Amino acid sequence: MEKVRICIIGGGSRLWAIQFLKDLTLQDKVGAHVVLYDIDKNAALSNEKVANEIFKVNGKSGVLSVSVSDTLAEGLKGSDFVIIAIEPGITDIRKYDLGLPEEYGILQSVGDTTGPGGLMRARRALPLFFDFAREIEKNCPEAWVINYTNPMTLCTSALYKAFPGIKALGCCHEVFHLETFIAEFIASKRGIAVPDRREIDIDVSGLNHFTFITKARYKGEDVIPLLREYVNSGKAFPDLTEKGRTLVKEGKWFDCDHLVALKFLKDFDVLGAAGDRHLAEFVPFFLTSDEEAWRYGFVRTPYSYREAEAIRKKNKVYTDEELIAKPSDEEGVDILLSLCGERTLKTNINMPNKGQVRYLGENHIVESNGYITANSIVPIVSTDPSPAVQAMERRIETEQDIALEAIWKNDMDLLFEAFAMDPLVSLHLDKARELFDKMLPLCELRYN
Amino acid sequence: MEKVRICIIGGGSRLWAIQFLKDLTLQDKVGAHVVLYDIDKNAALSNEKVANEIFKVNGKSGVLSVSVSDTLAEGLKGSDFVIIAIEPGITDIRKYDLGLPEEYGILQSVGDTTGPGGLMRARRALPLFFDFAREIEKNCPEAWVINYTNPMTLCTSALYKAFPGIKALGCCHEVFHLETFIAEFIASKRGIAVPDRREIDIDVSGLNHFTFITKARYKGEDVIPLLREYVNSGKAFPDLTEKGRTLVKEGKWFDCDHLVALKFLKDFDVLGAAGDRHLAEFVPFFLTSDEEAWRYGFVRTPYSYREAEAIRKKNKVYTDEELIAKPSDEEGVDILLSLCGERTLKTNINMPNKGQVRYLGENHIVESNGYITANSIVPIVSTDPSPAVQAMERRIETEQDIALEAIWKNDMDLLFEAFAMDPLVSLHLDKARELFDKMLPLCELRYN
Amino acid sequence: MEKVRICIIGGGSRLWAIQFLKDLTLQDKVGAHVVLYDIDKNAALSNEKVANEIFKVNGKSGVLSVSVSDTLAEGLKGSDFVIIAIEPGITDIRKYDLGLPEEYGILQSVGDTTGPGGLMRARRALPLFFDFAREIEKNCPEAWVINYTNPMTLCTSALYKAFPGIKALGCCHEVFHLETFIAEFIASKRGIAVPDRREIDIDVSGLNHFTFITKARYKGEDVIPLLREYVNSGKAFPDLTEKGRTLVKEGKWFDCDHLVALKFLKDFDVLGAAGDRHLAEFVPFFLTSDEEAWRYGFVRTPYSYREAEAIRKKNKVYTDEELIAKPSDEEGVDILLSLCGERTLKTNINMPNKGQVRYLGENHIVESNGYITANSIVPIVSTDPSPAVQAMERRIETEQDIALEAIWKNDMDLLFEAFAMDPLVSLHLDKARELFDKMLPLCELRYN
Amino acid sequence: MEKVRICIIGGGSRLWAIQFLKDLTLQDKVGAHVVLYDIDKNAALSNEKVANEIFKVNGKSGVLSVSVSDTLAEGLKGSDFVIIAIEPGITDIRKYDLGLPEEYGILQSVGDTTGPGGLMRARRALPLFFDFAREIEKNCPEAWVINYTNPMTLCTSALYKAFPGIKALGCCHEVFHLETFIAEFIASKRGIAVPDRREIDIDVSGLNHFTFITKARYKGEDVIPLLREYVNSGKAFPDLTEKGRTLVKEGKWFDCDHLVALKFLKDFDVLGAAGDRHLAEFVPFFLTSDEEAWRYGFVRTPYSYREAEAIRKKNKVYTDEELIAKPSDEEGVDILLSLCGERTLKTNINMPNKGQVRYLGENHIVESNGYITANSIVPIVSTDPSPAVQAMERRIETEQDIALEAIWKNDMDLLFEAFAMDPLVSLHLDKARELFDKMLPLCELRYN
């Protein structure tokens, strides 16, 4: 059996890395040595222990092995796969990513992808990604690099900027939620059992977290007309204010009923393909007040949750039960198996635009379907959304292009151009500059 | 001497038509018979009288002549030139173009080009322009058509939509103000007399009223660096709040100090090329409150002024003094002379994009320099503004494309897409729809 | 079991239709009723008999059934699939397609795709395809249409020209030969058994019969470097003149050693992806004389062979042995099963360009990989060949665009533009016109 | 009076430089110091003497002055204008540029722009132009650079390749001949006196020496329909074989009746805009034999003429009469005066494509009209020629792109790709390589 070497950058992180390790044990095709690298080495060492237990409990010791590397170079050296899942800067900073804009009336439901919070997070993350790419070029230029870090588009762009020959893709499961939503919708319409989300054959197009489903078929039948009928039925947009209040009270921060995704279908003729909390941040149409967000059934995740969660994860002790691998909905291991030639996979990917998204620029990192075979990922051409949505995408694309260039050149006046034109920042330019000038210094903390 | 036939659609209008007739008397190259057509025939008849007096007073009776036509077809038949300068719908409607959006917090300084007011004005005007184009195709397909009506881009687009073979251009003098501003700036910097605005050799690029000066030379020397130095000097953006208050008090609605145009240079690296009242309506950065507009030295023109002005023009009686022609700053007659082969002219024009504005779509009506010779207008390639400004232009372009298509097809759901994505309409979609639904019925008045 | 309706236009043809019917019997997923339509109804009736025997011999009577239709409309009505495999015009005309150009020194190895012969064949075929498309629009607009007729690109383009909403693709197996060639090449290099051609994972890009393999992997490993080494080894281009002579003597018209495909790799940096007889017709580099063609190991198929073959097929009687289905290398049934949702398939397809081939124009029919699922075919983005080959492709593309427009408008002066610019027609324009004027009248025979 | 500094690279050349100096004396707007630089310093010194005499005879000593520089750097230092008019390599080499291809049946009428001769000339010239550009960047980066050297497109491209910020244009008067031809044509049609060529208002589009007149107006009237009628009259293409023979006998190598330019209008719907000797070299349609060229009234310039001419120029002694300046048809001085702000000028220019030629690539050096004012040249958007001609242009564009890249990288295998795809090289690839390998070593002579 082939044994591949996988380096996980951010290998000390709890949630995602542990699940990936479990998923690895659920297949019999490839063996792997996993190297954990993290600037918090203790976290990596702690995960190493958990990994060994997982491998043992699930009967894969030997076939799967794990170690911790002292340096990034050492971790990368000879790797076949590199996985990047980091938190750029300490969690505390997110307090300001959310809080400072709020002082100016700017509400963000997530704050890690776009908007003032997303741009500042990019400001912190991208210099790290430039470094990652340079080290990959030196130590494992042929490795496949899978990025899970947000802001997804900008982080993945940064990898290509610093090492244009990199074989990198960005992975995101937001689209899966909509597949599930459509599966449930069909089931309820037809009175059948809910199909597996993979049975919904979708065409997806756009920028990560701001993607759209341009086609959707179930058993060869187009389901978009059914959805269009639904959004025009007068029943698709109930007032969910009470539900919103409850979500806040109960701390259910990630719930949504996809009313934002559906509203795009109603008003702009194409269904959103990410959770409402993400979609809402790319346009000025939904986060106009907490009440208006609640009415659409979603809420803002507060910093207090992020803080508590960081502590919880850090102190997490895995029970025996929790070490046993069960199938997850993540596709990281499926992608890896496909690249090893053990299967083929069609799924949504974030990669440089080579024609798959016609209304966006060449080489910009775009999200569409891709087709994965041994040592190859090729993008599948996507269908265009409506002209209005194309224009919204292009606006975000330019913001991202400018932000990437600004951070690459360390030109903060240029970064302000991106900041000012963000759809959530509808401020007088003088106020926008004031906010920008307050937020920027906090990014300097990242090297502490 | 050649004698050309000129049909003026909106020939009953006072201000613009009268000045054009005076300008005609100031040249000796071509004779002309002018046909005035107006749905308000009395207004046309009244102007006919004034025209005859002007021709007489300025010694051009015979060489220049005038008549009124009963129908549009009759007016157009055999014309060499068609000039369109109309008010679409009665003046009263503008009250709602401005007032209804204001109820939702949307401030418009002009309200005739873009924003909710501009789109509703387009809704009223475009069906008329579709008709004009069809009649021109039937009666004078080879005529040169000069449009002065706002929304300039959409009205001119409508002509090409209904008759793609039309030879039409849109004319606008906003750019001249900036040329004058630059001339004065140089004079003050250099301690020289203020040069004629025509001595400032500019490159202009964008969409009408949202254009930018990408190059500016005086006697071969690039003056942009001087302006850039100035906007970064700390002196370019004084607090003009008091001046703004005074403008309102004294009813000086059209004054501006070009702080908005300069702010574009400071924050987005390219100088605006229209009056601040226009520029401010295409972005969410300046009309955030009256106070913030005043601070930048410009004010909103109220409906009350439009109403008073309409009455004043209607009742206008010309004194002998006022009948004497003096050179104006308008270029209509210069364009006409150039098309007759009597001179050549380089000036800013609004025409279908054939490559002159690279960042906008093919055939969209764009503003750039053009070169005019006998029976020919060819666009000159313009220089690109900064990426951020290109993105702002593209956003407006898409809004206009959607609006044109929507009005062409009479698809009001599609028109709402344009409305919702307008930069001034930063409302929750539910509120945007509410406002749209209130404004739309008022457009029906146009046929009364 | 689902039972689909399949209409075969050209259902009287022997070779291809019979093989397709056999392939149908080799699967258990879908039932089918096949309707044969042919302007030669007797040929269709004759095939109907053979079809019934095939279904019986292979144990599929009932599951598979067959009939003959009197009219095209009747045949199409309610079809789920339409297959087009016709010979446009009587075989005799091909004599002139080949013979007249030869009088002017123009040698064609096939003469059905491009060059003077291909263009005249297009002149005969396209009006039929315009009709097919219109009938499909009327009778089965949702059917999937699979075209096998040459000139493939132009015939498939004609379908979209006459019915833009058609769901049509062009199918061609030329690419398979190169997959097999690569499989054999690897086997000989590595001393391993020859892999199945489907194990060679290729990226294909271009226009039908003038396609290129821009990537090729076996078990994840890039094999292009091996091939590049080979073409630069001094051993890849032996003098095959003797072989060529032997092929002619023995009437082996279809043999080739892929020296033309390899020469493209050597001189233009990308491997050809069709048989040499096809590739050679798109450039002026190989058919310069019979001797130079033979030296590269391929020969021209003479008209005498086409004539004999037509008679042979017409009189063909199937032995019992020949009625038994064996797996073929054709993919028609695989595509059909995929579109029915019974499997997925990645294969080369000819469809409108939506971004899959970046260097060719939007909507031109291009060849690249596609991904087929239930009721869906989506193109996969292809990799660009070298700039020189891109330019060669674009030249052919324009020739095809002009030819399509010319035949659509029945503008023979415009068709001459396509004719004159064909790479094989390197004549003085006066001579080119002379040849064109001789060839054109023969196309009129098609309606007899 | 302003006094500018002009450096002439190739300042020892006789014909062109002397005429330019005379033209300088015919204006009173600017003074100039001219620096002559030539690798043949004696030639420059000889010209210096002639220049001083010209200035004296024409009464401009003092206002105009001249010197010779020892080095290129010294010559360029502080220059406002740089003029490049060189012969790359010794004249003898042209013998092989023409003679070797002829051995393979390739006929070239000029051999300095395209075809095998043009490419080899580029091989010799471009390294010099890379050097010129680097020196200009160092010594006078703001100077306007006017190139007259062929191959015009590639030489001018080389300047931008080595110094992208250069302000360079290529100047060529071929278009003027067609203006004159049209002026004469109109005169004969109308029975009027022949208008000045400048009164023919043309739109020109393409690549230098392969340009097309897409619009032509005289006093505002479109004259293309008249020309189209003429080429379809049956009288436009008389057999000029006898004339051709006479031209050869009498050594009149540059004469032409524009039958090639007109044939483009007849067969490809757009009029050629260069002399027939140039147009014919870009397509395989005219230089098929000497007899076929003669029939169209043009002949090939033999090497013997180039040789005799080189000797004649070298030994040229100017008579007093010849020193007196008379107006020429060259525009070099007009361009210079326009750039100094003394006039404006619209004329054809070769500059990087910024949108003026839509069917060619961004930044490729293209020929179209330009508008020249003080320190500024802006391209005017040109009208598209027919699709067939666009395709011919694109083919040449790619050949030039590949050649530029190949010479820049000194990659002779890549240069062969350009060579093989040249329209005049319709050889089997083996023969093409043989010819290429014979021609290439001769280019090495250039540094002797």
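Letters A, B, C and D mark the chains in the order given here, with residues in each chain numbered from 1 onward.
Quick note on the criterion: contacts are C-beta pairs under 8 Å (C-beta built on N, C-alpha and C of every residue); 3 or more make two chains touch, one makes a residue touch a chain.
Small disclaimer: the values here were computed from a predicted structure and weren't measured.
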Quiz prompt | Any chain that touches subunit C and subunit A | solution = none
Practice problem: Could you pull out the chain whose C-alpha mean position is farthest off from that of subunit B? | Solution: C
Quiz item: Roughly how many whole angstrom separate the Cα centroids of subunit B and subunit C?
Solution: 56
Quiz item: Taking each chain's centre as the mean position of its Cα atoms, how many Å separate subunit A from subunit B?
Solution: 45
Practice problem: Quick one: which residues in subunit C touch 2 or more of the other chains? | Solution: none
Exercise. Indicate which of the five shapes (line, ring, star, complete, other) describes how the chains touch one another.
Key: ring
Practice problem: Please give all chain pairs that are in touch with each other. | Solution: A-B, A-C, B-D, C-D
Quiz item: What residues on subunit D touch subunit B, complex-wise?
Solution: 201, 203, 215, 217, 219-222, 339-341, 344, 346, 354-358, 369, 371, 373-376, 378-381, 383
Self-check item: Residue ranges of subunit B in contact with subunit A within the complex
Solution: 263, 267-269, 284-286, 288-289, 292, 386-388, 390-392, 394-395, 398-399, 401-402, 416-418, 420-421, 426-433
